[in-house]
Amino acid sequence: MQRSIDIGLNELKAQLVQMAGYLEEAVKNATLAWRNRSREMIERVNAIEDKVNQAHLDVDAACLKLLATQQPLATDLRFILSVVKINSDIERMADQAVNISNNAVYYLQHPPYQDLSDLIRMSEIVRELVKNAIDAFIKEDAVLAQNVLDADDEVDQLKNKVFKDVLAHLKQTPQEVEQGLNVILIARNLERIGDHATNIAEDVIFTISGQDVRHSHFRKKGSPDEK
Amino acid sequence: MTETLLSVQNLNAWFGMHQALKNIQIEFSPQTVTALIGPSGCGKSTFVRCLNRLHEEVPGAYATGKVILQGKNIYESSVDPVLIRRKVGMVFQKPNPFPSLSVFDNVVAGLKLAGIRRKSILMEVAERSLKQAALWEEVKNKLQQPGTSLSGGQQQRLCIARALAVEPPILLMDEPTSALDPISTAKIEELLAELKKTMTVIMVTHNMQQAARISDKTAFFLLGELVEFGQTSTLFTVPKEKKTEQYITGKFG
Amino acid sequence: MTSLRRQIGDFTRLRYRRRKALSGWMTFCLTVSACAAAGGLLGVFGYVVWKAVPHFSVSFFTGLPQPVGEPGGGMLNALLGSLFMVALGTGIGVPWGMAAGVYLSEYGRGRLAVWVRFAADMLSSVPSIVTGLFIYVLIVRPMHRFSGFAGALALSVILIPIVARNTEELLKLVPQHIREAGLALGIPRWRVILSIVLRGSRGGLTTGIILGVARISGETAPLLFTALNNRLLSLKWDQPMASLPVQIYTYAISPFEDWNVQAWVGAFVLVLFVFLLNTVTRWVMK
């Protein structure tokens, strides 16, 4: 039986899915910008940001309207609350993608850094996390969401490794300080994107089960957690 | 304080051959407002009418089980239903002031017709009850006018004052605001917040937003059974039972 | 195309005219019928007035029946006798009738109530002369005399079903939730009925009783075998008593001119009394 709120909820989902599409595009392009040393990709990322920002406003307005007119309860209420938060997370992630592409601008002004393997690995994992988090939301899959929460540890570990390695390398070869700095910044922004993806996963679990799992997710022992 | 004021155990109710309530088990704490929700015909009205033994006044209707009020089972054969009803008051859906009685006589009807005639006591009780029902200011100069001359919202508050006049520790309300306009409804909801401080209210309502606004606990009835009972804030955000979830999000009912 | 539309228009116009004519004709017929009904009433009343007014005098109300030919006869005994018997009959009939009505409305479910209701309906359609005979056998014979008491009893038997049905219908109009509100306050059921339900129907009940009284004041047949009649003024309950309807009857069928005239005056007084009662109740009901 279709309720009047279902129309609004479906539209909301569609809007969010479209926004997520823009985001995934932005993250991919930002990665390709420094990986393939492509100026064109940087342009593309900036173009997408406008679309994401507009969608951010539209989704929030739609949520407000639904809350006022439909007085939702239980699952519907949790869903709309989560959409508001996920909306915010996606917009922040798009900002981080723009930051990465800005880092790439400076990075491209210098010869490439010698060992990008960790960074590449990080970017792949983060793209996977973003995709899974969005999929978990669309498919209402709590298991997939939990996987995202578990996988974030690896992202943090890689970030710490990149920091350590770059620092060590720069001590040896100080003339590569600009590349090194940008690599570190890119790593940091990637890690932040990963965090936002885990936020989305936590919101998905809240919508489905009503459990608020924020701040209780265990971190693996032994990893210095600098945020 | 989580002591129990009213404990319902194994309550079953029938209308002739048709069973309207199945094995209801629920407990009410003092100074709380409990909302009873559920689709039409689910038994919530029947349930409250079992709490003041009004159910059995319908020909062919009866109930089994225990309803323990302040330590005593009100369904014991030695108990006089009339005395129970002085402890468990009731306000109905349609405002029903007694016709041909004045506002004053309506408020004190419960006392007068139980034999208390002293003018001074009646005046005092009338003023107190009307103040509790947030009606005193509006009617203090027209106490002798017929009860039916008031507006709908005022009439309902008059009925509340009438029920409060006998000072029952428990007040049952069967959709008390469903026949009223939003402003009258808001006034009555406000006074419930006050009443809660001194008594226990059990309220049947069709309006889930109302239940969510004013109650501490909510019970969901379906087809004569108690499906879920818990804190209002939890039941309306993270209900435990699937049926509860479906009902409150409007998937049926 | 336009001609078709015009044809349809003509057709509907024709039907409209026909309908209007039919409606007018029906209104006319109904008005005539209403006038006929009212005319009957006015005719009777008017005739009585016309016959009675010329002979209307105070002595009618103050004098006692005189032998034929003597002037100044009156019907004081009949007036007082009627008053006595109607009052007593009402005093007996109303409590019984109301109790029966309360039973039927408040407690009556099941077989007994069905029979009681049936009995009330039957009783109200029993010819009043049969009621009179019933009381004759029950009271007059054992007492070995006619009496005002028997007359009052006969009247009460006629009044009971009227009051019972009226009470029942009125109480049924009181919504159930009013009773429940009373019960919910912890008021015993009998008190709820007395102080709330009955009290709330006061107006209608009074009207019903007054109309019942108007009815029994005009009853003649039941008094024939019970109170008989009395040429003298007697208000002893265990003696034959005069009553207006019977006196009218006696005088009307007599061959004496001045007795006939008195009968007309008596009829006029009776009709006036019933008319006033009806008017008063209608006015009070407003």
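Order of writing sets the labels: A, B and C. Residues in every chain begin at 1.
Here, a contact is a pair of C-beta atoms (placed from the backbone, for glycine too) under 8 Å apart; a residue touches a chain by one contact, two chains touch by 3 or more.
All of these numbers come straight from a predicted model, not from anything done at the bench.
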Of the chains shown, whose Cα mean is nearest the mean of all protein Cα atoms?
B
Taking each chain's C-alpha mean as its centre, the one farthest from chain B
A
Measure off the straight-line distance from the CA centroid of chain B to the CA centroid of chain C, and report it in whole Å.
47
Whole-Å gap between the CA centroids of chain A and chain C
93
How far is the middle of chain A from the middle of chain B, if each middle is the mean of its Cα atoms, in Å?
52
Would you tell me which residues of chain B are touching chain C in their complex?
52, 54, 57, 59, 82-87, 89-90, 92, 94, 96, 98-101, 109-110, 113-114, 159, 162-163, 166
Chain A residues within the chain B interface of the complex:
1, 3, 5, 71-78, 210
Where on chain B does chain A make contact in their complex?
208-209, 212, 236-239, 244-245, 248-252
If you look only at chain C, which of its residues touch chain B in the complex?
109, 174-175, 177-178, 180-188, 191-192, 195-196, 199-200, 202
